[in-house]
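For reference, chains read A, B, C and D in written order, and residue numbers begin at 1 within each chain.
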Amino acid sequence: MAADRVCILAWLRRSAEVLHEQRDYLTTLDAAIGDADHGINMDRGFTAVMDKLPSVAEADIGTILKTVGTTLVSTVGGASGPLYGTAFLRAGTALAGRQELQPADIVTGLEAALEGIKARGHAQVGEKTMVDALSPAVEALKVAVASGESLEEALYAAGAAAEAGMQATIPLVATKGRASYLGERSADHQDPGATSVTLLLRAALNGK
Amino acid sequence: MKKLINSPETVVQDELAGLAAAHPDLVRVDFTNQIVVRADAPVVGKVGLVSGGGSGHEPLHGGFVGRGMLDAACPGAVFTSPVPDQMLAATRAVNGGAGVLHIVKNYTGDVLNFEMAAELAQADNIQVASVTIDDDVAVKDSLYTAGRRGVGATVLAEKIAGAAAAAGTPLERVADLCRKVNTNARSMGMALTSCTVPAAGKPTFELGDDEMEIGIGIHGEPGRTRMKLAPAASIAEMLLSPILEDLPFRSGDTVLAFVNGMGGTPLIELYVMYNEFARILKGKGITISRNLVGSYITSLEMAGCSVTLLKLDDELTQLWDAPVHTPALRWRA
Amino acid sequence: MKKLINSPETVVQDELAGLAAAHPDLVRVDFTNQIVVRADAPVVGKVGLVSGGGSGHEPLHGGFVGRGMLDAACPGAVFTSPVPDQMLAATRAVNGGAGVLHIVKNYTGDVLNFEMAAELAQADNIQVASVTIDDDVAVKDSLYTAGRRGVGATVLAEKIAGAAAAAGTPLERVADLCRKVNTNARSMGMALTSCTVPAAGKPTFELGDDEMEIGIGIHGEPGRTRMKLAPAASIAEMLLSPILEDLPFRSGDTVLAFVNGMGGTPLIELYVMYNEFARILKGKGITISRNLVGSYITSLEMAGCSVTLLKLDDELTQLWDAPVHTPALRWRA
Amino acid sequence: MAADRVCILAWLRRSAEVLHEQRDYLTTLDAAIGDADHGINMDRGFTAVMDKLPSVAEADIGTILKTVGTTLVSTVGGASGPLYGTAFLRAGTALAGRQELQPADIVTGLEAALEGIKARGHAQVGEKTMVDALSPAVEALKVAVASGESLEEALYAAGAAAEAGMQATIPLVATKGRASYLGERSADHQDPGATSVTLLLRAALNGK
């Protein structure tokens, strides 16, 4: 059971919809410990992605993902623009030329994305960032795929792990990004970036 | 929300159009890339200076483009860092063959976007150096965090690096001077009222009628403490103490004192504050040999002020005194 | 009331102390007489320029004392005209033998106090000329009333008369040039919020969250109409129309456009407004050849703006361009 | 029945007290159609007068009144400073050298004061200013003195006329001073300057 270009495009479309629906929610989370723009930033970026996708609808999956990456870099700004941009660029590079992804390919792509974010943002797990959702998601996906679960089951496991990681950001004191200015006062709030990561991974299931 | 704007969507473009209309001798605005560029850029053989960041801090940075200061500014949406495309376009536009310096305020978004832009520019064979400004003592610095924020020292760094570049100084040396300003400068700010991001439509935070926030950032980020309103003399003390300790500044030092309004602060209050800062510094044997009093790095219509001290030597003093002609800062020209 | 002050009683002295501390090269403050005097006054053989009025309009007038503009300023209590003693002391301090010009904003208090001061100075054998500035089209002019208020044109008159005096022009001619500025200038202002007089402790007037006042004075005096907040483009139209009709300004005219903030207005909004004014004037065939954008005649922390148009000819343009070096206005020096 | 220096000094002291007591009242009247400082201005001026009086306590009445005038000019500012200052200066000049005032002298002094205000302020009766209280007061005083009434009766008549004049300012549209900027909207408010004139004249009775 593989994912083809159509699946990827459907996932991106569903992601754009979800981010648009959750725009105010993400912004509210960011208002508490940041500058109240994460939902606005992500919605602006994925709206631009939607405008851009028709031009690469016939391209390979690597090209599609790289196009998403450059579009996000060019339109999101803030911290999340370069981070999500790098994630999609790295995943696209890792999957260059592919017309179809096997579950193991998805692991490769997501690992590349995570490494890109960590390299760009110098963040480790536990710093109250998007890494806290993406890192356990990659682990869960890897385990599920290795144990031969279906793609759907594996993506479900990844989404659940992301959500758990997102919840786990609540008690954390931020040491990266804008929330770190708050010091101890950043605790008791859910990280907006970890939340958008979870939304994107959850959208992969709905989009299938 | 009460603002003199047409709409939250158009406020940045409208402001840039106004800047371009008012100062065609100094700047031109590239609306496609959303950048402000010195009218006669690129200046052949001169290091190009590029800065940028979210809008809402005017005159920073667009108001400092011109002769003897910045060559280009990249304004993002209000309080949102610009994207690498803007920075790359600006870098290309001001590259006169001697390389380009990026002056970056230390916010994750600004840093990451400028980093990507520098990589792209270097792939373009443009020599790029970067200096990050992080002078805000309200935030604890640490290797393991995002570090201190860039605030008031940015204005001083842009002026001083701009003067060095205008004098034909090579890129690495201009970058070193910019770093020298940052190393020798510390700032701290406070707010009497919140600001309202146009797209948000409501105040970023709430402050009681008798409260103030000490250690505020220029995006309305919370500060160190919220407390009851106090007289100017006590506020000056609260802002200066952490600055003086941090570097530290000592008796015998000569400094530039920059008293900055947050956007909604009238000049009468800034001079009242200047008087208090001058009194405290005098008591500590610190000489103010240069000063700047006005609203130069703002936070929309926030009421409040910040103070920046820069330890001066002859080199920095001469560069500060050098001619400058931009929309917002002008002397000897 | 939220202000960066020590107390309502000391705010004016504190501000003057700050001004004196920050600009000893340009001004000195005589605290006994409560006047701001050019550091090297009197300048022998030069006409002395004195202005003054209530405090709360900073940088007007103290911030315009220096080279190429005023020789002295007489600040009263906040929004209260100063007394003749201050004006007489200032007149004496700046009399370099070529006579002294009083630049007076048209408010009964200012006019009467300057009148008494002029009588006293003349009794002292100092030649005094007076010019009254009354450019505010929000107020109906009439022979039988107090007439129009003096607002934005004051800044332009002080700069232009200052340049003429610096060039060695005799008293009557400097006074004529000052009158020429007044005759050729018209202003109109608006407010988004009220201001709070420190001694009063509460806002001078109340405006709804969605309201603005068109035709406001610089002391929070009521305007022509109170109405719902409108986009910048409509506000620009409402402010410019009565100005254009009054003089009138016509297609083919060349003007200086001065867009002024009321004290609590961030620069981003002033450039948005400048853009709208420039658009309207362009549509009417009127050329803006000079401009000034910033907060130069304020009303404490009031949010809002005013616009002043001055019809220019070569003579006024040259005087406007002449070097000036004061705390608040500086170029070519 | 004449008024000697002691009476004049007592009147000035009583005036200072009344203006201090009515400071907020006058300021509130000024807030409605002016700039909310008339009470503050008058109180500041008469406080300074009280500080100054001991230095001329032994002088003639003309000198005392002129000293009041110069003190008001030097400390009040605004419109009322030069107007009241001129009034006292002119009265003092008219009564130069006098140790005692007969009722006719008081008419002379008050007429000089009125002429001073009118000359300085270019105001006529009916423009909603202090002239509207002082002018009928002078008339009433003149009539009462001419018909041989006692000084006390004459001063009472003057105070009553001032008060009537003050009341009569309410419907007027101001054409002088700061209130004139309001145009029609200045109607339905009592003029602060006419009110302070009335308080000063009323203080002459209490002070006797």
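Assume a residue touches a chain if its C-beta (ideal position, glycine included) is under 8 Å from a C-beta of that chain, and two chains touch if they have at least 3 such contacts.
Here the structure is a predicted model, which means the values were calculated and not measured.
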For this session: Moving only to chains each one touches, count the minimum steps from chain A until you reach chain D.
Result: 3
Exercise. Which chain's C-alpha centroid is most distant from that of chain B?
Worked result: D
Problem set entry | Distance between the centres, which are taken as Cα means, of chain B and chain A, whole angstrom | 33
Problem set entry | Between chain B and chain C, centroid-to-centroid distance (C-alpha), Å | 29
Exercise. Rounded to the nearest whole Å, what is the centre-to-centre distance of chain B and chain D, using the mean of the C-alpha atoms as each centre?
Worked result: 56
Exercise. Given which chains touch which, is the overall layout a line, a ring, a star, complete, or other?
Worked result: line
For this session: Using the touch rule from the top, collect the residues of chain B that touch chain C in their complex.
Result: 2-7, 11, 14-19, 21-22, 55-56, 58-59, 63, 192-193, 209, 212, 229, 231-233, 235, 263-276, 278, 288, 291, 293, 295, 298, 300-301, 303-305, 327-328, 330-333
Problem set entry | For the chain A and chain B complex, residues of the former touching the latter | 31, 35-37, 40-41, 73-83, 85-86, 120-121, 175-178, 180-183, 185
Problem set entry | In the complex with chain D, residue positions of chain C that touch it | 76-77, 79-85, 107-109, 112-113, 115-116, 139-140, 142, 144-146, 149, 197, 199-200, 204, 217, 219-222
